[in-house]
Amino acid sequence: MNKQTKESPIVDVQNMSKSFGSTQVLKSVNLSVQPSEVMCLIGPSGSGKSTLLRCIAFLEQYSGGNVFIEGEMLGYNDNTDVRKLTSTNELNHVRRNMGMVFQQFNLWPHMTALGNVTEALVRVKKFSRREANEKGHAILAKVGLAERAMHYPAQLSGGQQQRVAIARSLAMEPSVMLFDEPTSALDPELVGEVLQVMKDLASEGMTMIVVTHEMGFAAQVADTVVFLDQGEILVKGSPQEIFQGEKPPRLEQFLKNYMDRNAFWE
Amino acid sequence: MKTNKIVTPLKIALLGLTTVLAATSAQADVLSDVKSKGELIIGTELHFAPFDFLDNGKHAGLNKDFFTEVGKELGVKISYVDLPWPSVLPGLEASKFDMVGGPVTITKERMKRYNFSLPIADASVALLKRKGNSAVTKPEDIAGKPVGAGKGSSQAAQLEDFSTSLETPAEIKLYVDNNSAYSEIMTGRVVAVANSLPNIAYVASQHKNFEVVLPPFGKKTYYGYVTRKNTDSESLLKAINDIIVKMKADGRMEDIQVKWFGNPMDLPTDMIVPQI
Amino acid sequence: MLDFSTLPVALPLLWDGVQMTLFLSLMAVVLGLMVGVLMCLARLSSHYAVRFFAQLYISLFRGVPLLVQLMVTYYCLPLIGINIPALVAATACIGLCASAYMTEILRGGFLSLPTGQKESATMVGLNQFQVLLFIELPQVIRLTIPGIINEAILLVKASSLISAVGITELTRISQNLASSNFQPFEFYLTAAGIYFIINSMISAFGFWLEARINRRVIA
Amino acid sequence: MTFDIQVIIDHLPEIASGFGLTILCTVVAALIAMVLGLFVALGLMSKAAVFRYPVRLYVEIIRGTPFLIQLFLLYYGGPSFGLYLEPIEAGIIGLAIYCSAYFAELFRSGFNSISLGQLEAAQIMGFSKISVLWRIQIPQMMVLITPGLVNICIILGKETTILSIVTVPELAFVLTGIGSETYAYAETLTVLAISYLILSELTARFGSWTEKRLSKYMERSI
C-alpha cells in the first residue's frame, strides 16, 4: 500500500476507466472528496454513476486508474508494473473506512434489525455480543428505530429497512459513506424519512458520496454536485453552479426532463 | 432355436395378459390349460448353476435340459420367468407361472404349503471356501467364524442348526443372492458359504479360486420342483413325475446328470419324507 | 484385475435389457405426465374432497417404496382375485409412482404462472378448459422441463427395481451375467456405464429442448 | 385368502429392530450427506475449473447410475481396493454418497437464489468468506431449500430397502425374511408398505413444520 502525501482527501479517484465488453462505461474519471464533504452524483440512467460508486467500493473491478481511501490504495498493489489484486485481508483493511447503502437495502432477511446492525461488529470487529448489542441499540435509536430492534426486515416498511441499512453501515464507524440511489426503491411517502436521516448525518460532518435522483436533496445538502454523462464528468460544482448557473445543453435537458416529470401543477 | 430361447419379457407380458384372463375366471385344470395354450411357464432364478444359469449369454443347466424333455413329452413350448429368489414362491402362489422349475429343497414346512415333484437332485449342505484356506478343512472349523448362506434357504436353516451344535456358534450372514455370498469368500468377510453340494461343486469346478469342504453336514435333503397345492395342479404334478420316472428308465436322466454333476446321482424313486 | 473378455458375448443380452429399461422409463414418463396433470388439477381444485383425494394419492405413491408397491401389486392383489400381468403391473406401478412426483413438479409450474394471464385470457372470452389447454399447460410444461427431465432420470434408475416381478431389464440382465460368469464387478461396472450414458443423453436432450423452446418463446 | 396378523405380532421385536435400523440408517446417512453435499456444492460453484469439473463429473455419475449398483460396487467391490466396510457402514456411506449429489445440486440452487446484494453488503463490511457462508448464506439457503430437502430425505428413506443386498437387517430385509419363513407374504408386505408410508408422512410433516417455523419472518420471495 502506497501513501499519498500531497493532500488528504478521504476518497481520491484517479483516471478511472471501466468497460463492459466493448462499451466503455467510465472514461478516465477523476474525483476527490474532502473530509466532511457531501458529494452528489447525478446523471441520466446509464451515465455510469452507479458503476463509479461500485468501483469506488471495489464491488466491481476497473480496467484502469486508482482509488485511494484515506491515502491507501484500494484493490490493487501498485508496487509492481503489473496490476495485481490485493489479498482479501488488505482489501478489508482499506474498506474498513467505508460504509455503503444500497438501492435494494440488501438487509439479511434472517436476522432482526438489531442482528443486521450488530453482525459485523461481532464477526469483523470482534465485539462481545453485549457490547455489540449496546452499540446496536444506540445506533438504531439514532435512525429513529429504537422500537423496531427486534423486528425482522419483512416486518418493516421500505423506509424503515433502508434506515436499518444505514445504521448497519454506521455501526462500523466509517469515515465515508457511499449511497447508491438509497431512495429509488421506496414509495414516495417513505422517501422523506430516509433523506432526513441522511441530512442529519451530513450535518454531523459525515463524508458522503450519494448517487441520487433527488435533486432537492442534492440542492439542499450537497457541497459538490457532479453531473455524469456517458461515463464522463460533464460538470462539477456547487449546487448553485449546477442548478442555477450557466449549463451545458446536456445538463439543461436532463434537469428540464426532471422538472417536467415532477411538475404536477402549472 | 426359438423354443430354447428365454422368452423376452414383452412376450411374457403379452402371454400373461391372455393367460391371466383365463386363470382368474376359470377353475380349470393347469395341465389341460398348458396343453391348450401350448405353453408351460416355469418360474426360476437364473443364478443357480448348474441348474439354471447363463452360459455364454444363453440359458443353460440341468433344469433347462430337463424341461426341454418335458416340452417334448407334453408337446408344449417351455417359457421361463426369471425372478429374484425371494419372489419365486410368492409368484407361484399368485399364479404368475404354472410351476417352479428352480430346484426347491423339500422340507416339512414347505410340503404343508406346496406340492413337490419326485427328488431331482441331492440338496445336502456343504461348505464352499477359498482354495487353499487351511483354517477350514472340515465343517466344524467354522465355529466362531463368519459364514454366509442364502437368505430364506433351507441350507441357511441347516447351517444354523449345525452352528448351534458347535462349541462356539458360527457368525451367520444371510445374503439375498447366493453369488454375492460367494464373492464374500473372496473379500474375506466370510470364511465359507453353505449351500447345496451340487451347486457349490459346480461353482468350484468352474472357478479356480474355490474349493468344497467335505463332508456335507446336516440332514439328508433333496431338491424337487414345485406346484401349487391345489387340485388344479395335481395333474401337472403327476405328468412331471411320470416324465421323471420315464427319463430315469430310459437313461436320459443319467445323461443330464453326468453332463451337469460330472457323475450320475442316485436318487429315491418314490416321494420322500423330508427330514427337516 | 478386471476382465472384460466375456463382454462381447453379453452385449446382445444387455441390449435387450436396455430396450426394456428404456421402454419402462418412457411409459413411466408418459403415464406419469398424463396422470400427473389430472392429479395436479385435482390438487389445485377448489373442492375439499377432490383436493384431499389428490393429497392422499400423492402421499401413498410417494411414501411407499416402488419395490414394495410392485410386490403388493404383483403378489398380493392376486390373492384377492386381481391378477395383473407382470409388464402391466410394472408399468402401472412405475407410472403411478412417477405421477405422484410429476404432480408436485407441475403444481410448482402452475403456481408460478402470474394470475393476470388467466384473468386476461378469461376476459378475451376463452373458457376454463381452453385457458388450461392453450394458455397454461404449454407454459407449465416449458417451465417444468428441468424438473421433468430430472424425474425421467430418476425413473430410468427406478426401473432397476422392476426385476422383482420377473421382468428382465438392464440391472437384472447384469445380475444374471454377473453371477453366471462369476464376474460381478465387470458386469456391474458395465451396467453403471450404460445407465450413465442413457441418463447423460436424457440430460442433454433436456438442455436441448429447453434451449429450443426458450429461444422460440423469448425471440 | 386369510390375513393373519398373528404372524406380525409374533415377530414384533424383529420388526421393531428392523424399523429402528431403517430410521438409524436414514438419519445418519442424511446428516453425512448434507455435510458432504455442502462441500460438493461449494466445489460445483468453485471458480477454479480444475476443481469444478471433477466435482461436476462426480455429481453426474452418482446421479446417473442406480443406487443398487453403486452400493454393490462399494460393498462387494471395495475389498479389491482394500476398502473393507461392515454392512451397515457400507449402507450408510453408500446412501450418503448417493444423496450427497442430490443435496449438492439443491444447495447450489439455494445459494444461487440468495440476492447478490446481500453478499455485497457483507463483503463491503469486511466479512470473511467463511463468515458470509456460515452466517448469511447457509441459514437462508436452508430455509429456501427445506421443501427440496424433505423430498430428498423421503427418497433416501425409501432407498434403504436396497440395503438388503448388503445384508443390512433393515425393515425390508426382516419382513421379507419373515415372509419367506412363514409364507405370510401379504401380511409382511402390507406392514412394510404401511411402515414406509408412516415414515415418509412423518418426514413430510416434520419438513413442513420446520419450514413454517424457519420462514416465519423470512420473505419467501427473495
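Think of it as A, B, C and D in the order they're written, each chain with its own count starting at 1.
Here is the rule we go by: contacts are C-beta pairs under 8 Å (C-beta built on N, C-alpha and C of every residue); 3 or more make two chains touch, one makes a residue touch a chain.
Protein identities per chain, from UniProt: A = ATP-binding protein; B, C, D = Amino acid ABC transporter.
Keep in mind that this is a model prediction, so the values were computed, not measured.
Engineer: Please tell me whether C-D or B-D has the greater number of C-beta pairs in contact.
Structural biologist: Counting C-beta pairs in contact for C-D and B-D gives the edge to C-D.
Engineer: Of all the chains, which has the CA centre nearest the overall CA centre?
Structural biologist: Central chain is D.
Engineer: Relative to chain D (Amino acid ABC transporter), which chain has the most distant C-alpha mean position?
Structural biologist: So the chain farthest away from chain D (Amino acid ABC transporter) turns out to be A.
Engineer: I'd like the Å distance between the centres of chain A (ATP-binding protein) and chain B (Amino acid ABC transporter), where a centre is the mean of that chain's Cα atoms.
Structural biologist: Roughly 82 Å, centre to centre.
Engineer: Give, as an integer number of Å, the spacing between the C-alpha centres of chain D (Amino acid ABC transporter) and chain C (Amino acid ABC transporter).
Structural biologist: 20
Engineer: What is the distance in Å between the mean C-alpha positions of chain B (Amino acid ABC transporter) and chain D (Amino acid ABC transporter)?
Structural biologist: 38
Engineer: So how far apart, in whole Å, are chain A (ATP-binding protein) and chain D (Amino acid ABC transporter) when each is placed at the average of its C-alpha atoms?
Structural biologist: Chain A (ATP-binding protein) and chain D (Amino acid ABC transporter) have C-alpha centres separated by 45 Å.
Engineer: By residue number and range, which residues of chain B (Amino acid ABC transporter) touch two or more other chains?
Structural biologist: 90, 93, 177, 180, 183
Engineer: By residue number and range, which residues of chain C (Amino acid ABC transporter) touch two or more other chains?
Structural biologist: Within chain C (Amino acid ABC transporter), residues 71, 75-76, 79, 184 contact more than one other chain.
Engineer: Got the chain A (ATP-binding protein) residues that touch at least 2 other chains?
Structural biologist: Not one residue of chain A (ATP-binding protein) touches more than one other chain, so the list is empty.
Engineer: Hey, which chains are touching each other here?
Structural biologist: A-D, B-C, B-D, C-D
Engineer: Using the touch definition from the top, list the residues of chain B (Amino acid ABC transporter) that touch chain D (Amino acid ABC transporter) in their complex.
Structural biologist: It is residues 86, 89-90, 93, 113, 151-152, 173-177, 180, 183-184, 186-189 of chain B (Amino acid ABC transporter) that touch chain D (Amino acid ABC transporter).
Engineer: Mind pulling up the chain D (Amino acid ABC transporter) residues that touch chain A (ATP-binding protein) in the complex?
Structural biologist: It comes out as residues 115, 117-118, 120-129, 131, 135-136, 139-140, 143, 217-219, 222.
Engineer: Help me check something: in the complex, which residues belonging to chain D (Amino acid ABC transporter) touch chain C (Amino acid ABC transporter)?
Structural biologist: Touch residues, chain D (Amino acid ABC transporter) against chain C (Amino acid ABC transporter): 1, 60-61, 63-70, 72-73, 76-77, 80, 154, 158-159, 161-162, 172, 185-186, 189-190, 192-193, 196-197, 199-201, 204.
Engineer: Can you list the residues on chain D (Amino acid ABC transporter) that touch chain B (Amino acid ABC transporter) in the complex?
Structural biologist: 72, 76, 78-80, 84, 87, 164-167, 173, 176-177, 179-181, 183, 185
Engineer: Going by the contact rule at the top, pick out the chain A (ATP-binding protein) residues touching chain D (Amino acid ABC transporter) in the complex.
Structural biologist: 57, 59, 88, 92, 95-96, 98-100, 102, 104, 106-110, 119-120, 123-124, 152-155, 165, 168-169, 172
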